[in-house]
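First, the structure itself, so that you have it in front of you.
Order of writing sets the chain letters: A, B, C, D and E. Residues in each chain are counted from 1.
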Amino acid sequence: MKIGVFICWCGSNIKNMVDVERVAEATGKMPHVVYTQDVQYLCSEVGQSDIGNAIDEHQLDRVVIGACSPRMHETTFQQLMNRKGLNPYYVEIANIREHCSWVHTDKAKATVKAIDLVKKAVAKSYYAVPLHAESLPVNKRALVIGGGIAGIQAALDIADAGYPVDLLEKESSIGGKMAQFDKTFPTLDCSACILTPKMVEAATHENITLHTYSELEDVSGYVGNFHVTIRKRATSVDEERCTGCGECVTKCPAKVDNEFDQGHSKRKAIYTLFAQAVPNKPVLDRKNCIYFKTGKCGVCKKICPTDAINYEMEDQLIENDYGAIIVATGFELNEPTHLGEYHYGHHPDVITSLELERMLNASGPTQGKMYRPSNGKEPKRIVFIQCAGSRDRHDGNSYCSKVCCLYTAKHTILLNEKFPDTESYVFYIDVRTAGKNYEEFYERARQMGANYLRGHVSKVEPLGDSDNRLLVRGYDGSLGEQTEIEADLVVLATSIEPQQGAKKLAGMLGISSDRNGFYSEAHAKLKPVETQTQGVYLAGVCQGPKDIPEAVSQASGTAAKAIVLFNRGQVKGVPTTAMVDEELCSGCMQCKPVCPYEAISQEMITERAHGKARQRPVASINRALCQGCGACAGLCRSGAMDIGGFTGRQLLAEVDTL
Amino acid sequence: MCKITEELQQIAAELLKEGKVDLVLGYTKGEQEEQSVPCIVTQPEDASKLIFDEYSEKALSKYLLEESFQDKKVAIVLKGCDQRAFKLMQDESRLGREDVYLIGVECPGMKWGEDLSPFCLHCDYRTPAKEDVDSLLTGADIPEAMQGEPLDHEDSFTDINRLEKMSKEERFEFWKRQLNRCKRCYTCRNACPVCTCRVCVFDRENPDYIDRAKDQMAQHQFYHVIRAFHVSDRCVSCGECARVCPEGIPLHLLNQKLLRELDKFYGEYQAGIDEVPTPLSHANADEPDFFGKEGKA
Amino acid sequence: MLGYYPGCTVRAQKEDGFEQESLAILAALGIKAQELEEWECCGAVYPMAQDEYVGLLASVRALNQTEKEEKDGLLTLCSACYHVLKRVNVRMKNDEEAQKRVGNYLEMDYKGQTEVYHLMEVLRDMVGMNSLKEAVTEPLKNEKIASYYGCLFLRPQKEINLVDGENPQLMEDIVRALGAEPVTYPYSTDCCGSYHTCQEEGVSRQMSLKLVESARRAGATQMITACPLCKYNLEKCQESMEKEEKLPIHYMTVPIVKAMGGMKTLERKGEAHAYSAENSSQSSA
Amino acid sequence: MRIPQKTAASHQREELADIIRKDVRDCYQCMKCSSGCPFAEEMDYMPHQMMWLTNLGLYEKILNSKSLWICASCLACSSRCPRDIEPAKVMEGFRAMILRERGRTNVSPVIPKGVPRQAVIANMRKFRR
Amino acid sequence: MMQDTFEPKIIAFCCNWCSYAGADLAGTGRLKYPENIRIIRVPCSSRVDSALVLRAFQNGADGVMIAGCHPGDCHYDTGNYHTRKRMMLLKSLMEFMGLDEERLLVKWISGNEADRFKDTVESFTSKLKKMGASGKVRDLRCAK
């Protein structure tokens, strides 16, 4: 073992407070140290070549550096080692700048400390082991979970880059929530007009396979190598045979509330989700089908010209391997029945924003006409209540749903355009319009006549009059007065919530959720689309409330991450992973539950003892998953578990030198 | 002869006769009246040597790890705590259930000098669960003190309370007196049924955590702290460690103290009864933070 | 057998008939209640200060007394008593500090075991709306009745937990069972002015008048309540009106008694119940 | 108004916190309390303003306000407050502070004849310790 | 007399992602603190086991500090939860054995809390100065 010690002056940064020559001299006396040198700037070209020359000249195999923080230049020196044909983990750095010269004022004491720190690094280097990063091949196929706008965008981007994508959607059509909207803010584009082409493009793209009416059943594996089982629910309609003629839908005698229209219309038991559904083939809702309930009927089967109806169809399990998974599962809207003061669910004329959205939609239940559910008459005075369940710690979600301010402005604009004699009143706490052209949009809403009143509504109650109208009791902060409005229709801006099944999915994927149930990104600023699980990325509202452009750009972000991974073709783990000394390990697996990455598993090894071959269990590390935290090593009783670069022996050597 | 011993001899003889097992690991009477020692019976006619009484304290399960027991079909006598240890070994993949025939026995409580062991007074698992063993022998003569509800931890290990009330210096002096007697003979480790590492960390030469030649306080402290830690959440409370100590060091107090802390802050857990992972093998956000703003740090 | 806690207000206003009618209705429907052997004033106000415990004592005594007398729960009629007893009970159930402090002071170990009931709760949960409907002999066909609960029965909903605090339907259900039509009217969950009737009479008059007017506009022929103070305020605000202008304010028991055939009928039924209960208990003994 | 040099002392703020065990800092001024307060017309400071004065530490204004005594603890505000602050409890806290300090308030309770006893007792307890 | 000249020896295990970075930031900001501390870099506070801590004491450390990310901020998600569990146990065992558990300091210091790092080192150093040298766990083998 031949160790070279190099002490950096860092100009005057170290030299002024630490006697570098003394440090070099003191450490030079340590065993195995064959060369010492102090250099003005080790990180410079000159410094680097000094080290390089010393390595050549003295056949050094370990290098110890006394300089700035390893967090600063560790990679610089590791690359140098690489160039010199030495393992990068044979370089050890003593931090004598940030942890010594910069924080102390007594040169004598600082020099003593610097000597200690370099000695510590030398001792550690005695026990250094060469480390290599493991690399594994990547399966170049992506799975996108959720066929809303975010999922569609991510799938299209990846597919356009030339990689195959499977797009999973639990409903019978892709499109998601955006398909239910009428217009989009702040441009008032027709939602369907911009969404439908994307849906069609996704369905016809040669690299995209749609799995509608399907859910995730199981996930195993890790980045680059996920193994996924998809459950495709039985549609009772043979996709191959069905031409989508719609005869069955017309003739089906069973009528149920249409969820897509928020219950403001009826659909059949065999149905397509909406007119522009993709794929445009019906599915049979067995819960409401007369044949499935009573055994009698069978009208759809009789009438189908291609004999596509199959009552015996069963759920299908599809298994596939993927390199990356994009989660774009979207959101649900809170049903505000728990906010008793707003009378939702007790009076038909108290509705949610999404219900209003469907009413305004020309292909919605009223063909774009406004009506009061209680009596079918056109409402003249409409009151909007913001934050109905959002920012509400008492009886709702404590976070801001982010999009309500803007879509309410949109609603008032649309109402004023289409029905000029309606009056809109908006009770709000704050109006938040952070976004390009959003403030202007809010301005436009006010200019067009929407009345904004700053104050939260305390109660909506029936007036008890013949018209069955509502009394809205609020407060106008500008007037400083309680303000009551007799309203024909009350619209609640309900809160955005994670999907019901979000927790279960998180469990399958090994990702975490925040306190509100939205999926957690790996880093709030710098890794906004990644998760703690490598190879799993987040797009859209499943990660937190956001509007369409944000969801779309996040989706493209996830696509870029997946494409980068596929282009590279392999995943490289960190070199400083855990490692198991099989001789010591008894396979007790106490370490397994400690690992946050599920990188530890049990493996059987064969060993010869007393003349016999015997199988025995040991812990085994998946080096592609392990991130090298060492929580397992901190627990292992026998010391069988260790961490490369921070082995028990190395740390002990450091402690012992001090 | 008590009922359990009688039935035990019968079962052992049958198992051996029918060739179901190669040997039976149990207890026999020792040289002194108040002593029972482990014993291996391989012939049906020797089954009459086997006994089970209030001196059958030794945890037998650990023998199963020894080389001489490998590749043999073994029947073993297990009281509650010993069965917990067996279960833990099983959970920790140290042995399989298949080749071992378990004879569970109802434990009447073991002697601790003149009195009953505090472990037994606190124990609520004297008898292995029926479904966990192949045969279960009950009908032990239970002393009065063992009938009814087991004692709380506080009431059985009163020495811990006593020590906690002392000043720090008194405690230090107490342990100094105790630990200075330690010869590091490792009998406590060897007897412990949950000390099941392939190679004990103290037997390794590199790193040399302990210098066997040096008889020094710091070495004793190191050994006993780390031993207590390795056992802590996995302790099955058999009491063997303290019982076998030739110097009579109450070293069980260390792991019992840790157990008490674990129970207090993370909920009760009984190794070998409750499912793994053991408390120290998992941690989560909801657990108390001692080192935040208000912590004792 | 329920324990019965009359409370000072109801006891002092015996001539109102609220107590007599309530007990007669329950007896006729087979519910037995017996006055606690000892009780004192509940304090009329729930102490909101979290660091005060003295205000809890009187109520805890009554709650504990109920348990001591082995009653199946504690019945009360007055809104204030119900509010205070129920909230103190909730606090005793959940607040360990309160358990300790009150326990030490009263030398008893009370942890909120007793259930507190109001008349309307008993009608809903023990009698049932169907049985009540069956007991109606003279349905109140032409009455449109506005129910007024008063704050003490509604809030805080999590603790009182009697009805939906924003959209209560219990008294309305009773009204329906009696064959009358319940009236929905704005402000029905607002305050009547409460004890401002002592201090700022004008304030409470004005607030009560708003309620009465609202009910009248919605077509009510009478208002009912279970709160003595609400009833007082709702009546007092109409004092200066002509008799025919006034909206009658009743205790909720008044229409029930009427629909069930009057007090005489009720008393007869009650005695019949008592007799059969006595007989059955003798035969089983 | 000019914010005075001295706002509420920390011991006063702590006293309030001890009584009510609520953090008024959570108030984001949605005014829901004021919008549903049946006594609002009689108040000099609206409930949401009382919360704001609390946050600003302008206790003097609160302690001298009419609103403090107009509030009858009907709990309409508390039951709807989206921040769970319970304005009625905060007001009660201030009343308790006055009562604890002086044993009585400046208001002398009026007890007319014929009023139900529950009102008499509640009224007494509000103004006297 | 002794107290004035006594310079305690402190060994600190700092998590690479938070406390080590916090110490770096203290350097970048030229904050000043006593020279007594020697920092050992670990990937995560959970890498430190009780044996290392004890060894440090045996080796003559007067104080040992383990610094990790604040709960909820662990770079590895859950590492510091393990640390606080294990170190709480070690501290109570030390206390139970009459050892100076206050010589073992566990602290959460994030990568941007340079001031907190400095304050911690200062207060720990002055506390150890007051306590004097640690003799209770010192291993004579290691005496230099």
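For this structure, a couple of remarks:
The definition used in the following text is that a residue touches a chain if its C-beta (ideal position, glycine included) is under 8 Å from a C-beta of that chain, and two chains touch if they have at least 3 such contacts.
Here the structure is a predicted model, which is why all the values come from computation and not from measurement.
Chains touching both subunit C and subunit E: A.
Counting C-beta pairs in contact across A-B and across C-D shows that the higher total falls to C-D. Chain centres defined as mean CA positions place A nearest to the mean of all protein CA atoms. Subunit C and subunit D have CA centres that are 28 Å apart.
Subunit A and subunit D, compared by their mean Cα positions, are separated by 45 Å.
Taking each chain's centre as the average of its CA atoms, subunit B and subunit E sit 35 Å apart. Between subunit D and subunit E, the centres computed from C-alpha atoms are 49 Å apart. In subunit E, the residues that touch at least two other chains are 55, 78, 82, 86. Looking at subunit B, residues 201, 280, 283 sit in touch with two or more other chains.
For subunit D, residues touching at least two other chains, in rising order: 76. Applying the touch definition to all chain combinations yields A-B, A-C, A-D, A-E, B-E, C-D.
Residues of subunit C touching subunit D in their complex: 7-9, 12-13, 41, 43-45, 48-52, 78-80, 151, 154-157, 165-166, 187, 189-191, 193-201, 203, 207, 228-229, 232. Residue ranges on subunit A touching subunit B, taken from their complex, read 583-594, 602, 609-610, 612, 614, 617, 635, 637-639, 648-649, 652.
If you check the complex, the residues on subunit E that touch subunit A are 9, 11, 16, 20-21, 23-28, 30-33, 35, 38-44, 46-49, 52, 55-56, 59, 61, 75-79, 82-83, 86, 118, 142.
Against subunit E, in their complex, subunit A makes its touches with residues 69-72, 95, 97-100, 102-106, 109-110, 112-113, 116-117, 120, 512, 532, 576, 594, 596, 627-631, 633-635, 643, 645-646, 648, 651-652, 654-656, 658. The residues of subunit E lying in touch with subunit B in their complex are 50-51, 54-55, 58, 70-72, 78, 81-82, 84-100, 105-108, 136-141.
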